[in-house]
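Below are the structure tokens for one structure; questions will follow.
Labels run A, B, C and D following the written order; every chain starts at residue 1.
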């Protein structure tokens, strides 16, 4: 009801604010006996954390994973696992100057309108920091999915208009922007470094591929795999769009071009992006998300304050010129949550 | 869990198959005392029904709305309203030839894989006919939203590559494709008529605008208004993508271009599409969905049968060469459901 | 949210009013492939229907089961099954005299206060007739449970102070009050016939036994099997209490008396009623519910009307002097719904 | 699905084990702006904590309330409030002797059967300690309910067969057993002290009264106020039964005795316990719960170990001879959660 819970059979609830004491998550529905270590979760957390490279915010968060409950002798007990990440390098004072201003592109105005009260430090629950709990939960879902033979990989496909033209999975984690094309990656890094100097930011496109899902996963009619993935992705702050398979290009195709034929070996093409009628076809599930340029920029902007008076604003803070590299593990995490949930729901249906 | 329920505080569950006895919906959470008539619902139902024009399937469905429960002397009682629409013009025999074939682009294969059993007539629950119940429920949500001062309008923005270049709301319901540009509409109709003759189909883009939503509606962090709208839209069979505000174009913008500034009168621009941090800004909520070309075409295609043997297939049946005109009221209905639900959730939070 | 839905993985939503067109239910989560016939459901429906004997209301309802969706060639498809039961013998005019009076013991006053609007014919959703949908759904759950080796039986244990002193399952369906002791049953029937003449009614106790549930079913900590059964039973209009195993008698026992010891063959005693920590022990699950005397009596009573004016009231109508015999199949149905739901949830957890 | 979440519009999820690092709760749906302090929550927590008197376990838990999120400058922000209570005085080694034994009356056997894995220290999630999070959440619900004019009080009505014969609210918190009759309270204390010496335990009955609820609260047909209260109460480990108003005694009453008449001033009697058709009448909501004798006793008992071998068992540990005094605040907390949830649901329905 109040929006902080996701999933049904594999369910998470996140808590915590950007500049509060901690952020974290409760995960309920983990298969009992699943082996989980803080170190495994930390691997994913480190991919999301700030301060990784020249293209990410210099805010330092140790983002140290701490499991509080739901584990016994290295195995999930099947009861709620609470994972907490304490906040350290907060510098809330950086926000005192702008505490009464509505930062353009941020949720300051809408949160105040919704709640009538607002924690002005950082962005409270609307901060990207909230996603740390999702990544922790996603790491656990991923562990389970791996045992099911499912793999999930996301990567930057485009940043600031620069598109990847080759696809190599090995290079993704080896460049600062998590692009699938090392040549494009270099251009992207340069672009971002330039924008950082100007105090500006840019958007991009992240693509995700999910492999190993057998045909038949997903619930019609409202909880289609693509519907749930779309919700999952749009629940990430900076995401403004999603498309599956041929996506918006399908709008310009004929039926005779778009329909994926089948032969003995399965589907001949994959315009559907691995999903038909909301249910997995067994082909790769492919989708792309549109990521908006980071809202926090130090270019002067115009806004109003809580009294409605017009005011110039320059957001100092420490921010990512492009959020793409750090959103990649969040997208993967959300995809993992959706899939693990649907595997469990499928088991319930057939039980 | 099993995917046929949508919403939390304003909740619907649909039932029924394309070629079964009936399709319908139960709506729970209607504000007691809301005046509702079958005639009002019928208005929306008639916009969705087949056989409206030269560009829609000739299948005739009276689609006569029948309210079975939850109403007393013209007013909602606040208890579950069940609305049923009986199926009439079914011609299931048209499907007997292809009952063992997997129609390209359809959910035949995936449903069989999921359930291990399949109602081969029509597409069962995967049929567009399932959306009739949604439109009925949406009409009730719309009635309530109108009383809240909210209006929702969707229209064809692009079909088969032909784009609307002007915007006039008055023309939408006056052309067979529900386009916002009468000149483009004429071209679209011609294109579709041509495709119909060839037995082919085409996709398109539908845009939706929601006005009158006050700032502050939506639940962070997972149940953002855009996340819920994305799920709602992707739950419609033919939809392959969605974007809000600047959408995928935002991926190519700078922060300084994309951020919407504010002045005394509110937001200066609306790249955000009326949503920040998942919560309404008070500006128009704008999104576009990518609609794939109708899967049912009579152009010869290649597929396999349930035994895995390769077979040619020609889908005869009666189908829409482009689903855009008839998907418009479904998109509006789903948007209505999301909004009415969020209004009620907001009331619960502040109660 | 609005109270007409029960269950998570095996979920039902009921609709319809006592004197409307129909009552019914949508069941979502049925295992695909489960063989189901209207005749099987009818068997349970006939046990609940009015007019069975001298001790039940003479209202005649054919209560003919009609499956509208979710079935194909005799098997559940795994999609929502809608079952409808049309109302026939309504005599709503019998209620016109009392349409502005609040009948003692009925929900007339509370429904009006809640909704601000009330369908005064029968009791609307508060009528026992609403349970017809539950019994239909329960019959399907029971079919599945039988295949899991689970059996459920409920019976009258006490009526109007007359207690069963022997236990024989064979006699339950052979006496008009569904008691487990034929001698007590005879006395109960006489008592009820006497009360019927006086226009009065009496309460009773119904006991339910569930066998064949393996140890380990149930979800801690809020969705304990007993917690869910308690909710299920108290959701039946006339039920005012429930106790498991030793129940209220446990309040007067010592720990050394109440604790069930174990030996090689399992539990030595079953004071726990088959549930420890909310999870099944493998022993018989045993509970009893307190059933209040039927509220509709023709003895003169005092009440007020919608304007607050004091008025005498004599409820004519046609009613059961004791609801116990007809509540038995409803209790069984609700127990079936809880168990089937938990079996599916257990499968999801371990998937 | 997995049982650790309760409520819909005011929702809590608890986490943590008896002998883990901490127990706690996330509360989602708190009215934004509600003033809340750790001290206020602590008041309720202190009523539940062990070591309060001669009749409670000597285990010492500071049970210090710590709010981690969802609060800003003393007010609820409307986002998830996480409250944690660290475990200190655990003495897990006391459990090492019995780690392979199934303690009679405990959930050891059922948890192992359910999960295939078990945290043998304390009782894991089945421990009464899990309820600490509920009490914290309940304190917040209570704060809100007080502002609605609702008050909730529970008290020991009977212990070990000794019944309260007078009713005085002032004495409840002034005697060690939280009884409503000071004379009975003295006898109860003596009885418990005697049982403590013998290493035995006893059960009791706790009654709860809720005042100030206006007529019309509750959701038919499954989420009746009494159905939800029944689930809430049965979700407390030691509770084996519940009855509302006349309860099981209603089973022995005639309709003419049980029906509550109305006059100008409202209801003349309250056999219904303040609820008709699952909806509040405006009268006091009254229910009683049966509390079993504490399972942990040091009287020698017979059980089996994980290999099925018969073994004698003496549970040393530190336990409450009667759980009634400490269950009182838990019962109140659960009642608060149910009511606050229903107030918010009612607001959603009428929004």
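General observations
The rule is simple: a residue touches a chain if its C-beta (ideal position, glycine included) is under 8 Å from a C-beta of that chain, and two chains touch if they have at least 3 such contacts.
Molecules present, by chain and UniProt name: A, B, C, D = Chorismate synthase.
Please read all numbers here as calculations on a predicted model, not as lab measurements.
Shared contact partners of chain B and chain C, listed by label: A, D.
Taking the CA centroid of chain A as reference, the farthest chain centroid is that of C. Averaged C-alpha coordinates put the centre of chain A at 39 Å from the centre of chain D. With centres set at the average Cα position, the gap from chain C to chain D is 26 Å. Separating the centre of chain A from that of chain C, both taken as means of CA atoms, is a distance of 46 Å. Each of the following residues of chain D touches two or more other chains: 1-5, 8-9, 14, 29, 32, 78-79, 114-115, 125, 220, 345-346, 348-349. Contact residues on chain D toward chain A in their complex (touch as defined above): 1-5, 8-9, 11, 13-17, 20-24, 26, 28-29, 32-33, 68-70, 72, 75, 77-82, 84, 114-119, 124-125. Across the complex, chain B meets chain D through its residues 1, 8-9, 29, 31-32, 78-79, 220, 343-351.
Of all the residues in chain C, the ones that touch chain D in their complex are 1-6, 8-9, 14, 102, 104-107, 109-111, 113-115, 123, 125-126, 130, 158, 160-161, 195, 200-205, 214-224, 226-235, 237, 240-248, 250-264, 268, 272-273, 275-282, 290-297, 299, 301-304, 308-310, 345-346, 348-349.
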